[in-house]
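These are the structures, in structure tokens.
Same chain, two partners: chain A is paired with chain B first, then with chain C.
Up next, the complex of A and B:
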């Protein structure tokens, strides 16, 4: 069991890291050679390789540099420090979670109304789809500016951008979920003279649970993206997005990569947490075969 | 008991047309049928002969376009509100997230029975179909035949006196099917319910029924109604007796003549 999952994962990871190291040499050697030429030094191949791994501002930082920066910015720094990724991660996470909760609730409510009303089905769905075709990068600054002009800044605007991205997968998933029962199931309830409300609570809601968790997984990842994008136009104040922006202002590639990895780890943990909730819930419902 | 003078289902000049993409389909034409209380009537015929549609009209799941249907002396819609029938579909349709006993309880929850009454009725129905001991299992832990028995218990638990069954054993293998047929027959004898049973199988129809309605397609209509005088006591071996084979022969002939035109 362990070797069956661990071995493939370890193999792929090793390949990715190996490829990364090769690319580090390829991308950074130009600068190394340039420096050597200026000081009139001939470099051996081994020396070139060694130098590409330890530049201050590499084009592509090496894996161990990124790992070190991650360690330094999480464990070694105090959480309250402006350079701590835990601090910035928390700022992003709080906006993500608030946006996710708003977006998911909105998504479920919209799905309920779409399933129950033809007008909502015809009227809302096209708008929901259209909303997702607008690049969030173009929309985010406007949301920030507009809300700022009415005195709302900080957490709320970012959460709204998060919600904007995360409601959509929830709407789509839950509409399919609520509609997943077969005609026969609906007919059976009609023979009991069940009300629409009873059909909804006894059949549609439990049938949609597996769909809910799948949508939530996509939704929370989208929420995180939304929060990070929402942090970009605020001028690098706080959050992982701010770290990314500051890193690119000052050419701190290692800092950018560390922030990227922090975001990826955060996303993976959030999706993993929902996956765990999914397993527990389905097990309780007897649907964990 | 409702007052319906011993007639459970009565169809007069019943007709039903569907407007589909492929044009107008006449699912039922001039169907006249009277089912007395306590009868076991099978509807048999090729696919598209309207036997399922007929059952759905009885259950008020379809609206006839001409003629009248009465169930226990009421319109089908009133009959549904009066819980006159239990419906068993070809698939058991059990909820995977409910245990067997909670699945059987579903109609009782919807109809608003109190807790104690629900518990008593669920247990009775489960005992009646021989699923005692499986109350807390989930549907996927049971065989197909047991799942179908659970769905019959679900149809029985609210004491409807008509049982509408749409090819309930159609998806099961021969051996399981034989056992369930035996079971259904003894259940019918014990409860005295009226059963309308849709099937594809001639032996099944003859074995179970007091009367067999032979139907034909395009348009869906009744071509023959055959009495099945085998008596109430029917061991499985009865299927090898000359009386049984004679009835089966008549049904087969009826199906064939309906097929020729």
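Up next, the complex of A and C:
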């Protein structure tokens, strides 16, 4: 296990970071050379490399600069500070979670009704599938601005976008989950004279659990993207999206990268948490392999 | 008016129940979702008019259609800017480079084991966040949008392609070896064909991502054209009918792009066990 995945992953990660450092030199050296020329200094190659790693506003900040900024903005700052990434991360996380919970609950409910009603199945399901090919995210600015104009701002509009984005993956995933029991199993329950309700609770629900977690993972990643994009149209108020936008207004590249990594860490821990829940649940249900 | 809308709903529901209770034919498969869609539009129109919802909150479908017809020139310019220049070029570059790198990686099982978990991890991250960085690097033009699309499509495509290339089984590889096939022969005659279902799955996922990337990147800065630009500025001017028309264009573009790749998929990867009926 250790050498089979850990070593290759570490190698590839090291290659990515090495490539990043090379790109830092390539992208930032123009500025360094320009500065040197203005003050009439000849620079050695070593000096150029050293300078590209420590510019204030680099075109591409080096990994350790991003790491330092990330450390600075999470651990060193008080979490109530407007410059703390924990504060902004919390704003985004709360909208994501609220939207995700609403979206996946509604998604499961719609999936239940689609499985039990032929009309819903034939009428709504094609639209649910088609909606996945549509860039729903384009609706985000409109939802934010309209709700703002009727006096709703802050958490709720972002949560609505998040809910909207996690809704359809959950519907589509859960419909296949509820349909995953085989004919043989449904037939067996029929020979037991089981009612539709019993088939649902004793067969369809347990069978859909692996599908539930898979679609929840897709849903929560989509929810986070929705919350981040939902923070853009209001201007840079609060949240990771606002941090990205403020960074791009003022040319603070290191700040953008730090916010980006904070978002990535948040996404990874959310998906990871659901993955953990999945493993625990499936192990308890005896469905793990 | 509200009662009328309710009546339409009940009538349409009744029609659909009648249609659904018959054995499914291709016609009913089309008619039922179509009835449902039309009912939603009629309800939307009826409710908005009956309650006199201001058009700066929700314009009725008729106003959106009118705006669509009146602004076809603007919509076309935006379509070309966002889809053809931004999304399509980025899609081609992102997916193309992912395929090439997957073929390179496939030669080394060690690299493959490293790239699969990492690629899966990166594919779940909010990569649209790179948009401000690329806008800073490549300017406001379509190049920065294409770059965001490259970043968004690269990893899902890479993961699918790497999995696809390694999906030939030992027996098939053995037979290539007994034929004394060279690396290139194995690649062209065995690995690429078995990779097709995975590759096309990746290409399908990336169609939606490409359009999202191109639109969202425009929120961070763009020339005075493009779907994302139009949506964010017209929302500010409260011209919501034009915003909705733009969203209709995005929806049509997204689903036809996906549909096109699905058509190609059905032509190329028809043999895969998951297609068996």
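As a working rule, the second predicted complex is superposed on the first by the 276 of 289 C-alpha atoms of A that agree within 3 Å, B and C clash if a C-alpha of one lies under 4 Å from a C-alpha of the other, contacts with A are read in each partner's own complex, and residues count from 1 in each chain.
As a convention for this text, a residue touches a chain if its C-beta (ideal position, glycine included) is under 8 Å from a C-beta of that chain, and two chains touch if they have at least 3 such contacts.
Just so we're clear, the structure is a prediction, and the values are computed from it rather than from any experiment.
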Open item on the list: Taking the superposition on A as described, I'd like to know which of chain B and chain C A:5 touches: first, second, both or neither.
Closed with: second
Task: Touched partner set for A:133, first chain B, second chain C, both or neither - done: second
Task: Which superposed partner A:229 touches (first chain B, second chain C, both, neither) - done: second
Task: Which superposed partner A:244 touches (first chain B, second chain C, both, neither) - done: second
TODO: Could you look at A:81 and tell me whether it touches chain B, chain C, both or neither (first, second, both, neither)?
DONE: neither
Open item on the list: Is A:185 touching anything from chain B or chain C once the two structures are fitted on A? First, second, both or neither.
Closed with: first
- [ ] Could you let me know whether more residues of chain A are touched by chain B or by chain C?
- [x] C
Task: Partner chain(s) touched by A:35 [first = chain B, second = chain C, both, neither] - done: neither
TODO: Enumerate the contact residues on chain A facing chain C in the complex.
DONE: 4-5, 7-13, 16, 59, 118-119, 121-127, 130, 132-135, 137-139, 141-142, 145-146, 149-150, 217, 221, 224-225, 228-229, 232-233, 240-241, 244-245, 247-248, 251, 253, 256-257, 259-260, 263-264, 267-268, 271
Open item on the list: Help me check something: in the complex, which residues belonging to chain C touch chain A?
Closed with: 13, 16-17, 19-21, 24, 28-29, 32-33, 35-37, 56-58, 110-115, 117-118, 121, 124-126, 128-133, 135-137, 207-208, 211-212, 215-216, 219-221, 227-228, 231-232, 235-236, 240, 243, 246-247, 250-251, 254-255, 257-259
Task: chain B residues touching chain A - in the complex, by the definition given at the top - done: 56, 59-61, 80-81, 83, 85-87, 89, 91, 93, 95-99, 106-107, 109-111, 138, 140
TODO: Provide the residue numbers of chain A that touch chain B in the complex, in ascending order.
DONE: 182, 184-185, 187-194, 198, 202-203, 206, 209, 285-287, 289
